[in-house]
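Lettered A, B, C and D in written order, each chain numbered from 1.
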Amino acid sequence: MRHVVVAVTARPSYSRIKTALVALRARPDVRLSIVACASAVVTRFGRVADLIRADGFEVAAEVSSVVEEDSLSSSALSTGVLLTQLSGIFAGLKPDIVVTIADRHETLATAIAASYQNIPLCHIQGGEVSGSIDDKVRNAVTQLADIHCVATPQAAWNVSQARGYYENPLGPGVYRTGCPSIDLAAEARRLGAFPHSRVMVLQHPVTTQTAQAADQMRATVEALKGMDTLYFWPGEDAGGQAMSKVLRLAGIKPVRNISPLNFPRTLMGASCLVGNSSVGIRECSFLGVPVVNVGTRQEGRERAANVVDVPHDVDAIRQETTRLCVMMKDGPFPSSHLYGDGHAGERIAAILSGRAIEAVA
Amino acid sequence: MRHVVVAVTARPSYSRIKTALVALRARPDVRLSIVACASAVVTRFGRVADLIRADGFEVAAEVSSVVEEDSLSSSALSTGVLLTQLSGIFAGLKPDIVVTIADRHETLATAIAASYQNIPLCHIQGGEVSGSIDDKVRNAVTQLADIHCVATPQAAWNVSQARGYYENPLGPGVYRTGCPSIDLAAEARRLGAFPHSRVMVLQHPVTTQTAQAADQMRATVEALKGMDTLYFWPGEDAGGQAMSKVLRLAGIKPVRNISPLNFPRTLMGASCLVGNSSVGIRECSFLGVPVVNVGTRQEGRERAANVVDVPHDVDAIRQETTRLCVMMKDGPFPSSHLYGDGHAGERIAAILSGRAIEAVA
Amino acid sequence: MRHVVVAVTARPSYSRIKTALVALRARPDVRLSIVACASAVVTRFGRVADLIRADGFEVAAEVSSVVEEDSLSSSALSTGVLLTQLSGIFAGLKPDIVVTIADRHETLATAIAASYQNIPLCHIQGGEVSGSIDDKVRNAVTQLADIHCVATPQAAWNVSQARGYYENPLGPGVYRTGCPSIDLAAEARRLGAFPHSRVMVLQHPVTTQTAQAADQMRATVEALKGMDTLYFWPGEDAGGQAMSKVLRLAGIKPVRNISPLNFPRTLMGASCLVGNSSVGIRECSFLGVPVVNVGTRQEGRERAANVVDVPHDVDAIRQETTRLCVMMKDGPFPSSHLYGDGHAGERIAAILSGRAIEAVA
Amino acid sequence: MRHVVVAVTARPSYSRIKTALVALRARPDVRLSIVACASAVVTRFGRVADLIRADGFEVAAEVSSVVEEDSLSSSALSTGVLLTQLSGIFAGLKPDIVVTIADRHETLATAIAASYQNIPLCHIQGGEVSGSIDDKVRNAVTQLADIHCVATPQAAWNVSQARGYYENPLGPGVYRTGCPSIDLAAEARRLGAFPHSRVMVLQHPVTTQTAQAADQMRATVEALKGMDTLYFWPGEDAGGQAMSKVLRLAGIKPVRNISPLNFPRTLMGASCLVGNSSVGIRECSFLGVPVVNVGTRQEGRERAANVVDVPHDVDAIRQETTRLCVMMKDGPFPSSHLYGDGHAGERIAAILSGRAIEAVA
């Protein structure tokens, strides 16, 4: 019986691990404990902890740690508060392996709490490239992790080089599983789209450009004026509150709390996605939804043919959005398997319950 | 005027940065703030903060964070406590650059507190290889840092690869300065040895082998029985208290509080060094002092000709110690420049006060 | 030169200490350091730190500590985070005395950080009675404090008894200074009202009734429907976000960011105050503004003739509000000196800079 | 089924609650969870957590929080670290009541973590008087607690006055149960003494006299030179390490780890107790062991006839110790019931499982 502890720190992390959780729960040789922490227990960010329970999982512990202050130092402080809590929680749970997901600042707290106690650590979605502090966080977690479940061939190579396996495209402990978010997208495709033909907007603050956060949001709002839009709340990082204020002042009522499965179905029904979310690079490549990717946040990420890049420029955003909406009328773009084929969750569950861990423990 | 903040978390960190601090203090274009934290403010570990003041530096802030418990979870908890404090302290000091040293677990707190606030981070002594959690910590700090002052050619290559500059022996932001600990050794050599002809013992717990810590210390004590020895206290990591107890029960009174400059002079006077400290690999290679390196803690570190490796085996330790003590009677081994030539501090100060930072800020 | 450190944790705390700060700043024998912490550095609560600076004070340190989660455990966690920060900050500032204000949960962090380091502690506004956890907090701070600047005769008696000076109406260290918030009210009266004749609403969550917070706000909103109202945001305690949501759904746009001096001038221009703020009991008694005090939050507080108590009942709130608005047309109620005469700030500054502290240091 | 959570922060706290724990465990209507924290999980202080398990109890959680630094600020910081941990642990355990014991600085963390979450809090041993920061801590906990199980009539009166029940010798929620430490003493008396006729020494640092800690210990060591002594380690408060060093330098090997039951049996066998532990005031009054109480630490505590008070003066300590040792040859002093009759544990268990809690919940 292997005890797998998964730390979920935010809504997107849950989407990116959910099918692995379902596969782990189904295994008789695994005991699964989910720890919900950071923005996953905050009402303002949709309390993913409740969503996890609604999906039939137990939540072993809820851990508050988001220190409120719309500034850069709060990310560091929140990570410290989370680390002080998780070190005790992991000591109590005594996991055989801890799983951490992607690249938000809090994931480093999970990674330290596990690795400093000699608990094997599995990192989901290492080796990717984006345009901000997330890169540093993701690569630091890669260095602390023992098992790496990555999405793309380039990610596998990057992780292997960074871990010192020079010239080895797939070093020990590195597995190309694909990204579990594509599993949900695959299931959503089986169930079908929610057709609405609106322009969906997911734009987040860029941690190295917090002073421009409000201006960036204003450009998007201005560009899409007059179009039928569906906005989502910006994330909690520094700059997020300034962006939310721009939306409020513009009279826009953003959406929250779409379930992880309904989210890709809603994506499929959109005429276009605008913003800087990795969803555009990732899920939309599989679903064939066109994306106007704004600014530098996804810089360096591998792209399929569905993505067009534009700067934070009102005209450029408006023009490309209009053009892609027209193209979408002929149906979605071809599906790409760059980020996964829909079976990542099963592969990850097999790795976490198999001998891979014995090799690193 | 550039504001350089250096976080000193332990006695060996201070030794490894001292000549750079002296060079920084001498520059009119630099404001230097030293933050003493973790074991640097704990009496049981010799309160390096006081030593720093005795050397004529001001200490801008003392930060307590060592949570006492002889277990693995305390490293993670202590790092969390330090991170919660440093995030506020750096926000208050508003540095142009933060400097963190080597690979102790707390250095990751310094690295996160700086990098999450977009403060450029300089890491001293990245790219090396040792045999425990230190590797993970050091490599994670490398990922968070912007400027890397490394000691050896292999270290420069390792950092460059890990940062994604494939096939580049010296990526952007990577500088081969040598290790400042060799600067002190060079000065010590100018001043001359403290001759004592005893066997010096520096043996620390290995964080992945905490259960064996007491046995490992017992083997060394047994092997050196009857020789004229000079023991130092084991470090504060998990397992350290168990080792200290072995020493107490054996009636051994370890030494503490030798100043960073007197330490290499004492080394020069020894007939041999036994244990697993990096001092054996590093300072002793320059000084030509023979070293019986015990166990896996220095595994993977580049070595000069002065080092002999043995397992935690009573006979092997005794035999090699005896042999090297005999050789030492003919005088020290030849000096190696593998870890530095004695000018690292000046080079680091030049980098921290120069344009290198503008490139990353 | 006496070093006085004042910890301001929230907007109302600042109002209640401002005239003392002005008087302290004017003294040549005092060095004043203001530490802004908790909600005083959070944008969502109006960042009082900025207001303090706008009033010409320096802020010696900003300390983030509000952990976001709309639940009861976040008060305890936030207090813990603040305590970990303040212990180091006070150690660095080396104050001769620390001042803490009133009864919000974070004040206990200030009190512990000072008293555990043997730094004399002055508590402003002890000995009062209200209807929630605030009572416990206030009384616990009284036990940790050495000097007590209280408002009313009953408060002086309460503090003296609680400190063990049985039958002594004014024990050692207890001073009846009046409340500094009345000083501002006195100055506001000199400057004159901002006439607007609206019903002002200040209703906060009650920490022991968080589940009813939304219902309580709904009753008030319903009762005042059709009247000309001026709502303020509810406080950050557990339940506050639920109350804010009620206001948003009702299309009410609450006010924030009225300066401490303009606030009583605005009060003077109101036709009535509705809610459960201590402002109604305190400032309004001096200003003669009629108050409909709703629910139990001010239970046990001494009242002047301007206050009418009602339950969270739509009809009762509406009826009494209407009645008092009519009475107000004939001019304000008579001014009461129960909570102060307008000279509290000067008295407090004299105590903090005088010999009182030598007696307790 | 009532869920009672008891936070044990130190060895003496465990002794003072043990018989209540036994009585609670025996009740079918109670679920008992013990949380071991602060020095109770530190090896240097004897890891009471292990002792608790050896007594057949489960430990629901271990919580590290002792930040190492031999200074005053570490008490505040440690309390903050404990508070950040306990707030989450109590939120997870969902107790019907939390129990905190006596007056060590960490007890305030327990009290805040419970009371800020509206969890009823029971305080054991409120209302007593001693000579240091402990008084402030104890009285602050009294203000946060809902149920008070006190030892002496004076303590009951003190708690009642401090809680505002003027002239009431036993206010609501106040119960005179006696002190559970006397229960153990009573059981020890049934089992009989361990005769050894040595002078036992229990001397702790006084938090308001940390600079004198070493001198105070030196006076005692000097006074007892030549006598047959049995020393115990000083506590972990600021000053404790300095005292330990005095003992080490004097070649004294203090004892640790006597079980809570064997401890009073050892006391009974002593010819005299010297120091400033409350054990002298409390257990020894029941057992009739003579006590030389040194310095101010027990100032204000009610005493039976077995106690003689002396200053930190070599001659005074030596003279009184010699005198009492002679008197003890005629047998123990008469037993006093001032601090309890041996049935406190049962009474406390009855209160915690009974209707008392419904009244305050």
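Here, a contact is a pair of C-beta atoms (placed from the backbone, for glycine too) under 8 Å apart; a residue touches a chain by one contact, two chains touch by 3 or more.
In this text the structure is predicted, and so the values were computed from the model without any measurement.
> If you take the chains that touch subunit C and keep only those that also touch subunit D, what is left?
Chains that touch both subunit C and subunit D, as defined above, are A, B.
> Hey, which chain ends up farthest from subunit B, C-alpha centres compared?
Centre of mass proxy via C-alpha means gives C as farthest from subunit B.
> Looking only at C-beta pairs in contact, point me to the busier pair out of A-C and A-B.
Of A-C and A-B, it is A-B that has more C-beta pairs in contact.
> Using mean CA coordinates as chain centres, what's the subunit B-subunit C distance in Å?
Measuring from centre to centre gives 51 Å for this pair.
> State, to the nearest whole Å, the distance from the C-alpha centre of subunit A to the C-alpha centre of subunit C.
Going by mean C-alpha positions, subunit A sits 42 Å from subunit C.
> So, what's the distance in Å between the C-alpha centres of subunit B and subunit A?
37
> Which subunit A residues reach two or more other chains?
Those would be 64, 71, 73-74, 77, 81, 84-85, 88, 91.
> Could you pull out which subunit B residues touch subunit C in their complex?
Touching subunit C: residues 61-64, 81, 84-85, 88-89, 91-92 of subunit B.
> Contact residues on subunit D for subunit B in the complex?
Answer in residue numbers: 41-44, 64-71, 73-74, 77, 81, 241.
> Residue numbers of subunit C touching subunit D in their complex, please.
Spelled out, the residues of subunit C in touch with subunit D are 71-77, 79-88, 90-91, 105, 108-109, 111-113, 115-118, 133, 136-137, 139-144, 158, 161-164, 166, 207-208.
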